[in-house]
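Look at the two complexes coming up: chain A is in both, with chain B in one and chain C in the other.
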Partner chain A sequence: MICVLEGNGVKVFGKAVHALSRIGETLWLDPGVKGLALRSVNAAHSAYGCFLFSPLFFHTFSLAPASGRRGEAPQCELLTKSLLPLFRCLTSIERNVERCRISIGDRSDQVEIQFFCRHGITKTHSLRFQESEALQAVFASHLCPNVLKAPARLLSDMVLHFPVSQEEITLSTTHLKVGLRNYSEGGNDRRKMMCTQMFLHPDEFDSLQIGVDSDITFCLKELRGFLSFAESHFLQVSIRFGAAGKPVCFSVEDMVLEATVVLATLIDSDSWDSSQLNVADAPPTARCADAAELPVDLHNADSSNAADMTEWVASSQGSPTMHPPSLMQLLPQIYEPDTLHAPDKACDRASATPASTTICSLLFRALSSELDDGGCTSRLPVLACYSDMEEDMEDLSKIPSP
Partner chain B sequence: MPLSTQSQADDEQYVLVASLDNARNLSNILKAITFKDHAIFSATPNGLKVTVEESKCLQANAFIQAEIFQEYTIQEDLVGFQVNLTVLLDCLNIFGGSTVPGVSTALRMCYKGYGYPLTLFLEEGGVVTVCKINTQEPEEPIDFEFCSTNVTNKVILQSESLKEAFSELDMTSEVLQITMSPNQPYFRLSTFGNSGNAHYDYPKDSDMMELFKCNTTQTNRYKMSLLKPSTKALALSCKVSVRTDSRGILSLQYMVRNDDGQICFVEYYCCPDQEGEEE
Partner chain C sequence: MGRILLRGGPNKLPPPDKTKERKHRMKFRAKIIDFACLSHFSRVITTISKLTKTCVLRLTPDNLFFVLCGKVANGGVSMWCELSQANFFDEYQMEGVSSEDNEICLEVTPDNLSRALKTVQNAKSVKVKLTKKHCPCLTIAAELPTLSSISRVVTHDVPVDVIPRRLWHEFKEPSMPDFDVSIYLPPLKTMKNVVDRMKNLSNFLVIEANLNGEMNLKIETDLVSVSTHFKDLGNPPWGDDASQLGRPSQSRDPEDMAEARVDIRKLQQFLMGQQVNPSKAMCNIIHQTVIHLILLHEDMSLQYFIPAVA
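Showing the complex of A and B:
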């Protein structure tokens, strides 16, 4: 893949890298027919960010494989700390850089990023990448009962009131008002910290659609970069969410790019009830039932991964069905539809220990262009596909469907 | 001004007296070479030269000509001593380095000779401080035998274009490779870090390139840790000349304008890293 950015586009791209750097330590450069996607996932799998730049964003965009490469452009996994320094100083990029050329595939394991600057100066960076399947959070935003739309500026102004060190905030929504307050774990600290709470009238927002009154707590730190990006482009942010425990999705789009951040939300132990584990409301799916059983089995199956297991949340109702045609992805498809086979759903997985308040991790699915046999159960879409986890997945796929 | 009321008789005991109305004209330029504690001072009737060396393969010199000083008196052809540069800078900034316009620290630097401390009289706003800094036997600065006749390649660049490159240099790279050539890429800085390689190319016809005289293609590597301190000199300068000789020794000369618009020079000499594979 070769693409060329001109002028201000370089700064926008750089800002996207900055926003994603707040989320994870690795970044995927994922070229496809829909454009170039930048993705990042945090270590706990509780935050996901994706910036999709359509081909129109670029001065030139070509997926053609470079000489020597077989087939299509690879998905490149880079360290954020390798890519971020190239775009660190946005003001100097704005001042000096005329064009930026990104090419994947000239050399099998390197991405080449060239900056053509004023005065004829050229900066060429060759970054090593690892070819790996990009993770994509699977989340059907159309099923979210609550949708809030507001200019990024309003949201930035709201979070401005919280200190930079504030980790998590709670968004409470009813038909009558929208509230935001800081969140702290454990009651003991309350006396020592400053509590901030604000309420806004629904009229402040461009649109407010509340199907379910909810209180969701999510990580603010990971969101800040995205809000800063959205604000600098004067974009409207759509927030889609449901009850506590379900992920919250922030998205912006304009003519040439779409950006999304999906964050897991806390399940409050007080609101824990068996219905969260009940799949009765949704058309029963083998997948959901499997997922409900997974945490228990997993916990026993592989003690070495026990630490990971405790983060997983049992499936909850209201998740998308397993039937591929009825499934809609929140995030844009990068691959040809026919290569996208696995049924996916976003199931929030709660810890099997109800007493604790836990962050739910999002379910991830690896983007893969390989065709499987098409069966839903042939691979577990609900698990983040790191290669070292694949053995576990194979074990899990043997769990019989009800 | 209390400093100027010193009697003539006092002055005769000093082998070197140098005065500045604005001590920043000395302290700023010394900051450009402060990567080690100790500096060798060599004063001649032409002016003051301050030398700092590292590992026998890097040398930085700051030149402050006699004309820069409001008063410059020297009784011998060469006066040499060694002092702790960090202490000297602390003394020069003893009044806190205020940036209020019109307010500056005045300096009178006096040296009686071998075995005596370096005496600094500093005054700001009517307050006078006297600092006496111990001096040591001066070491002989390395002579790199770098002469213009041996220079193979030379470029002069406007510092602005290099400043950004140097501030962005991948510090995980152990070396900075400099390629100078009459052909493409003309003038190239390269790093080889943990994440990958980076090249900064300056074409010979760039408007940042004031002079381009490259006769042969040369690629040399220098330890990044040795060259990184030169970034301070680069930051102060308006122009820099980059020269290599047939042995690959690098000479960087920085033209620095002080607060009063006068020109001073800072130069760095660096030996190439052991022979490695060329990129």
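Showing the complex of A and C:
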């Protein structure tokens, strides 16, 4: 893949890199027919960000494989700390860089990023990448009962009141008002912590659709970069969420790009609406950053499926998707919101590390929503599963597919 | 048993603990509506927050005091900051612990207050109230302007500890010490620059000054000694006060330097916290005992004591 960014586009791209650097330590460059997607997932798999730049965003955009490469352009896994320094100083990029050329595939294991600057200077950076499938969070956003839309500025103004060190905040919504407050875990520290709270009137939002009153708690740190990006482009942010425990999705879009951040939310068994979830096994609190114990294996689908997947990028609006058959088997096992009586096998086994169950399932539990809503949504693929599940693969193969 | 009491018979029960009752009735509500007042108040709190992690806030009907008493834990420095409430608050009501002791004493973390105030600088109004949430709190409730007709309210609950009356004696206003020399300080920024550089070379600094308006800042190590000289600083005319202290200024040789060796970090911390130039800045030195820094602003006064080390 070769693409060229001109002028202001370089700065926008750089800002996206900044925003994603707040999320994870690795970043994927994922080229496809829909454009170039930048993705990142945090270590705990509780936050996912994706910036999709459509081909129109670029001066030129070509997916053509470079000589010597077979098949499509690869998905490149890069270290954020290798990519971020190239775009660190946005003001100097704005002043000096006229064009930026990104090419994948000239050399088999390197991405080449060239900055064509003023005075005829060209800076060429070659970054080694690892070819691996990008982790993608799937989020059936069209199934979310609650949708808020507000200018990014409003949200930035709100989070300004929380100190930079604030890890998590709670968003509570009812028809009458929307509240934000900081979240702190229980314990002795709680007595000494400052509590900040604010309420917004529905009129302040561009649109407010509350299907179910809810209190969701999510990590603020990972969201800040995204909000800063949205604010600098004067975009409207859509927030889609449901009850506590289900992920929350923040998205912005304009003509040439789409950005999404999906964050896991805490399952609070103390909250009054927890009866909606069958996660009584999960502990009441689990820090978003807490899932170090959770190993995640990337399920390597075979190459034919890889081709399908590159066509489909996240921030899906329910677009039909292809799926590798073996993964699909996992879904009924994990996601059965109706079986309140029996904890899932997954939950059972993972109860030894309850935090990990909560964390990993929070994000990918996004798929759990209303399985009865047509066959399509129940087949959304999970591209990452935790190794605990692998033992079950044999059992699952005996289960008839839904 | 209650009936016996009402009849006024011999009262065998101990009298009810009046202090305990009254404590629950402690009230404090104040409101700032002026932008400049809010900005100044925030600035004062920020200055205090740079000087100490926790301190005592004394509230009286007319004043607010931020007090740090010199304990070993904070290296013996003590601080007394006085604000007149009328300079900041448009509304101010308080009910102290009792009618004889119409005062409220709280232990606060000024950094929390500073952070809470910093984000609401554009508020239409800011209320500060003593509340009881999960623990006693100073609640800062700001009404922020919005595009719609309805204001947005942001509240910050800052936990505080109530100081019992038996400990109040520790937080009294310091009396003016029996100083040897009193001198006006050079511009704080200049002083800070000098001290910053000296800090790289030594942990201790000697301040010396005389009644001739001369002050020196000196450091000395095995390898190097550095000295910065200030002249024509002027000496505050304590005048009658000086003679009341029993040390008539005439008897002291104006060239005679009084000095104190202090921990340089304490001095640096003091200088770092100052954000605006005060109207008056002075230093009293008690030879080899303590330096007493006094800053007078339009709306507040700040005294800071740094003990001398051997």
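To be clear about the criterion, the second predicted complex is superposed on the first by the 270 of 402 C-alpha atoms of A that agree within 3 Å, B and C clash if a C-alpha of one lies under 4 Å from a C-alpha of the other, contacts with A are read in each partner's own complex, and residues count from 1 in each chain.
Following the convention adopted for this analysis, a residue touches a chain if its C-beta (ideal position, glycine included) is under 8 Å from a C-beta of that chain, and two chains touch if they have at least 3 such contacts.
It should be emphasised that the depicted structure is a prediction, and the values quoted were computed from it without experimental measurement.
By the document's definition of touching, of the two partners only chain B reaches A:Ser92; chain C does not. Look at A:Glu204: by the touch rule set out above, it reaches chain C but stays clear of chain B.
By the touch criterion stated above, A:Met193 is placed in contact with chain C alone, chain B being left untouched. In the superposition on chain A, A:Lys123 contacts chain B only, with no contact to chain C.
Annotation: chain A has no residue touching chain B in one complex and chain C in the other. Chain A meets chain C in the complex at residues 160-161, 163, 190-201, 203-204. The part of chain B that touches chain A in the complex is made up of residues 161, 164-165, 168, 170, 194-203, 205-208.
Looking at the complex, you find that chain A touches chain B at residues 78-79, 81-82, 85, 88-89, 92, 96, 110, 119-128.
Chain C makes touch with chain A in their complex at residues 109, 112, 115-116, 119-120, 133-135, 137, 146-150, 152-159.
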